[in-house]
Amino acid sequence: MLSLPYKMIPFLLSWGAMLLVLLRRFSAHRRTAIAAGIVGYACGEAGAWLLFHLYSAEVAVGVMKSAVGVGFLLLWSAAVIAIYRSTGRGFPSWGESVGRTKVFAGGIALAAGVLMGGIVACRLAGTGSGTIACFVAALAAVVLAGAAFVVEEKLPDLFTVSPAGAMAALVSLLLFTSSSIIRLDLFAPLSMKVMKFAHDFVHQFFESMLIPDHLFIRSYLWGYIGLLFGKGVGFWGALAIWFIPVLLILLSVNLERLPPVAHIRQGAKRRKMVAAAIENRRLRLVVPALSCVVFSLAVYRSTFPAVEYWDPKPVPVTAAANGEIVIPKKGEVDLEDGKLHKFLYRQNGNQARFMAVMTPEGKLTVVLDACAICKPDGYGQAEGSVVCYYCKTLIPMDTVGKPGGCNPVPVPFTEKEDGVHLDAVALVNTWTTTVQSTTRVKEEGK
Amino acid sequence: MPSAIIQTTGLTRSYGDICALKPLDLTVPEGEWLSVMGHSGSGKSTLLNLLGGLDRPSDGSLRVGNEDLRGLTEDGLARFRREFVGIIFQQHHLVPYLTAVENVMLSQYFHSVPDEAEARFALERVGLGHRLKNRPGELSGGEQQRVCIARAIINSPKLLLGDEPTGNLDHQSTLMVMELLKELRAEERFTIVMVTHNPEVANWGDRTIHLDDGVLVREERKS
Amino acid sequence: MNKRRWLLHMVLRALAHRRGRTILLLAVLAMASSLTTALGLVSLSMGKRVAEEIRKYGANVVIMPEKARLTVGSGGLNFGEISEPVYLSQRQVEDVLARSGMRAERSLHLRGALRLQGGDIPVEGVDFTQIRRLFPWWQITGGWPAAGEAVVGRDLATRYRMKPGDLLELAAPQKVVRLRVAGIVATGGEEDGLLFMGLPELQDALGLNGNVTLVRLLVTSDGGGLGQKVSVLQGLLPGAKVSEVRQIARTSEGLLAKVKLLMILVTTVVLISAGSSVTGTMSTTVLERSKEIGLMKAMGGTRWEVLMLFSAEAALMGIAGGIAGYLLGSGIAQFITRTVFAASSEMIPWFICVSVGASFFLALLGSLGPMVSVFKLDPVRSLRGE
C-alpha cells in the first residue's frame, strides 16, 4: 500500500495541468488567474474541511459532488454553444467581450480552485488525515501554482486553447480527481441512473402500448428491447453522456472556419495564411484531445477503483445438529473489531454468504452479503461505509442492518454471551429468495 | 539606393583541402539581375548553393534577405528555401511521375498548401496552358524548363537562382526562356542570380561577375 | 486540394510509377502477413477446439479388450476399428469396479453390425441412462428412447433418410430386430455415423449376452491420482487394456504443437527474408530516386517532411499487404485445419488488426535503413548526380 503523499500525486498533477490551461486561456490576465486560482484552492479546502467538521461527511461529500456535477453540466452547455457557433451562426457579442474581462478570468480560476481544493480536502478527510495534511496539501498547491506560472511562459506560443477546450480540460481534470474518491465519483452513479432510466422508460412506454400482444411488436423485436435491460445499457449510455461534450468540442474546433483569404492577391501569401490557420486549428485540438484521454482515465478509475476495500475471504461455517449456526464472538475472528466479517454456509448444494459486523453504535448485526435489488456481487468495506460491488452504492455503517434499497438484507439472529446464533434453514431461505428475485429482475426483459 | 538582398563578406567554402570558393565579398542590391560566369570548377555552382541555403559556408558571413544563413538550423534553412528562394536547374529535375501541374503543386505543398487553380494559372503564364496534364517525359526541353520556371516562381520568391538554366536548350528555346524571365521579373520584381558560361545569356543581366578558381576576377556592368 | 489528400495522391502516383516493384513488395508483405495470420488463426481456433474436446470428454478412462487396436488418426479423437471381435465380460468389469471401491460413473458399449436394407450399418448397444450422464453434450432431435427404440446418428440418418418415428427392421445373424427411431443425435464425432440401441437388446440380437466391447468411465479423481487408479484397474483386469482418455487427447495436442512449431519456424524465416527483401527493394528505390529527394529538399521540404512522404509509401504498402495477407492467411488456416485436423477454422474478424499490424511494422522496419539515408541525403550532391 502506497503512503498518502504518493497517492496525492495525481491530484497535484491535475492541479498543475489545470493551472496551465487557465493561464494559457487567460493569457491577458495571468496574474489575476493564478491569484484567483490559489485563493480558490485555499477557500475550497478550508470550506470542505469546515463542512466535514461542522456538519457530517455526508453533507460535505454531497455538496462537493453536486458542485462537480454542475461543472459537468456547464461543460455540456459549453459544448453545445461551441458547436452552435462553429456552424457560423451569430452569437451575442457580449459573450465574447465578457469572456475577455479580468473578472471573468478571475471567476473561472476561482471556481476551478474551489472545486479542486474541495476535492483534495475530501480525499484527505476520507483517510482521516488531520489539519497538518490539509496545510501541507495547500502549500504544495501553491508551489505547483508557481511552477505552472513559470512553465506556461516557456510553452510555445503556438499552443492556444479555445474557451470550450479550456472548459473541457478543467472539467475532465476535476472528474478525474474526483473519480478516485469513491464517494465523489460521478461515473458510477451516472451509469446507474441511465440503467434505471432505461428500465423505467421501457416499462412505461411498452406498458402503455399493451405489450406483449401488440400488433406492432413482433417476437424478434423483444430481442432488441431486451438489450435495453442488459447491464451494458447503463455503462454505454453513461459513456455516451460522458464523452459527447468533449467530442462535440473537438468537432467544433475542427469545423471552425478558416479566415477569409480571397482578398489577398499574392497566391503564396494566401496559401501561407491558409496553412497557418490549419496548423493553428490543429494545435487547438491538442487540449480537447488530451481532455478526452483524461475523461477515459476517469472512467477507468471509476470502473476499477484503486481504493482498497476490506474484503475478507468468507469463512466456511457449519450448522450444529439442531440446525443452528453459532459464531463465537472471539473465535477465529473478532466480531467486535468494527470490521466486516464474511461467512459462507453450505449444505446440500445450497449456500448462503453472510456477514457479521459491529456498527458504530456498538450493536452486532448479521446481514446477507447481498441486497434486495442488485446482483449478489457482495460488499466491501471502505471509508466508514460498506460498498455494493455491483452498483457501487455506499452504505453508511450506521444503516447496515436496516432493510431497504441496496442495504444488505438483514438476517434474524440472536446475540448470546458466547456469540451469535442463527437458524441455518432461515438463512438459506433468505439467501435463496433474495438471490432468486434479483436474478429474475435482471432478466425479466429477455 | 535599393537595399542589398545579398551581402557576403569573406565567404569561403572548402571541401577538405580543396578551396572551392576563396574569401568573397559580394553585394547584390534588391531587384538586380546578376550573371555569374566562369569555367567549370570555378566555384560558381558552389556560390549558388550557398546563396540558396543548400550548402553551408566554411567561413565568412552570408546574409540573404534578413537572414543570417550561418545561424540557421537544417530545418531553418529548409524553411528559408521554401519561402525565399526559387531555383531553376540545368537538368530541370522534374518529378517524372507527376504531370506539369502536379510538379508545380509539389512546390506549393512544401511551401504551404497545394492550390491547383493557382498552379494552372502559373503554367498558363509561362505559356504552357495546353500542356497541363502532360508528364515531363512528354515535354520538350524548353517546355520542361518553363515548367521549372513556373515551379520556381509559384511561391513568389524574393530570389531566383538559375544554375545554367539554358545549358541544355537550343538557341531558340534559350531566347524564349530568357525573354520569359525578363517579363516575369518585370512583374514580380525578384532578384536573379544566374550561373552561366554563355556570354550571350550573361548579357541579359544587369551585371556580370567572373569567377576563376574561386576568386572574383572581373566585374562588368551593363551600361 | 487538401494537404493530406495531396500526400496520398503523390504516394499513389509514385507507387504506380514503379508498378513492378510495388507489386513485388506487396506480394512479399502479403505473404509474410498471411503466414503470420494463418499461424495465429490455427493456434487460436485449434487450441480452443482441442481444449474443448478434452473438457467435454466426459469419460476419462476407457477399458478395452487387450487385442482391440486403437488407432488415432486425422479424425482427432476417433477410435479405430477393432481388428477382430474381442469382448470384455460385462460381469467381470462390474465386479472389478465394485471391488476396487472406486466412485465412477460408467457406460458400457457393445459395438456390432446389423443389416439394414441389404447393407451393414454399425450399431452400438448402450444404456441410455448412462449415456445421458456421461455424455451431456449429445444433442438429440426427437426424444430419448424407451425400450424397443433407437437413436440414430445424424450422418446415418441422412444417408438412410430416417426421421424420428420411423420403424426400422434390422437383420441380425439369428433374428430380426424391429426398432422405432426415437431421435437423431448430433455430436460432431463418430457418434454421427452410428445407430444406438439398448445394450441388452443388441447383446440378445448378436448372441453376445454378457459381453461388451468398451467401457467408459468417469472416474472422479480427488487428488490427481487418475494414473494411479488406472494402474489399479489394470492390475485387476488382466485381459483388458485400461487407458486414460487424456492420453488420446494429448495426441491431438501434440500434433497441434508440432504444426505450430513448424509454422513458427516457417513464419520466422519468411518474416526475416521478407524484411530483408523489403530493405533491399526500398534501398534500390531510394537510390534511384535520390535526385527526387534532393529536389524536394532543395524546394524547401524539411528532412522530416520528405521522410514522411517516403514512409507514407511504405506504410500504405504495409496496410494493403496486410489486408491481402489477412484474406490469404484465413484461406491458409482453413486449408491447414481441414487437411491436418479435419475441422474447419473460423474467420476471426478482429484478427485483421494483427495481419495489418504485422505487415505494417514489417514494411516500416524493413525500410528503416533506407529511410535513414533519405533523411541524411545531401541535396547538393544528389542533384549533381553523385
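Note that the chains are named A, B and C in the order they appear, and that numbering of residues resets to 1 at the start of each chain.
Simple rule for what comes next: a residue touches a chain if its C-beta (ideal position, glycine included) is under 8 Å from a C-beta of that chain, and two chains touch if they have at least 3 such contacts.
Every value quoted in this text rests on a predicted model; they were computed, and no experiment measured them.
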From subunit B, count the fewest steps through touching chains until subunit C is reached. 1
Please name the chain that ends up farthest from subunit B once chain centres are defined by their CA atoms averaged. C
Go ahead and note the Å separation of the Cα centroids belonging to subunit B and subunit C. 67
Taking each chain's centre as its mean C-alpha position, how far apart are subunit A and subunit C in Å? 45
Centre-of-Cα separation between subunit B and subunit A, whole angstrom: 64
Quick one: which residues in subunit B touch 2 or more of the other chains? 83, 111, 113, 115, 155
Among all residues of subunit C, those touching at least two other chains are 3
Mark out which residues of subunit A touch at least two other chains, giving numbers and ranges. 275, 278
Interface residues, subunit A side, partner subunit B - complex: 266-272, 274-276, 278
Contact footprint of subunit C on subunit B as seen in their complex: 45, 49, 52, 54-55, 74-75, 78-83, 85, 87, 89, 91, 93, 95-98, 102, 105-107, 109-111, 113-116, 151, 155
Contact residues on subunit B for subunit A in the complex? 83, 108, 111-113, 115, 118, 121-122, 154-156
Which bits of subunit C are touching subunit B when the two form their complex? 1-3, 6-7, 9-10, 13-14, 16-17, 291-292, 294-305, 379-380, 383-385
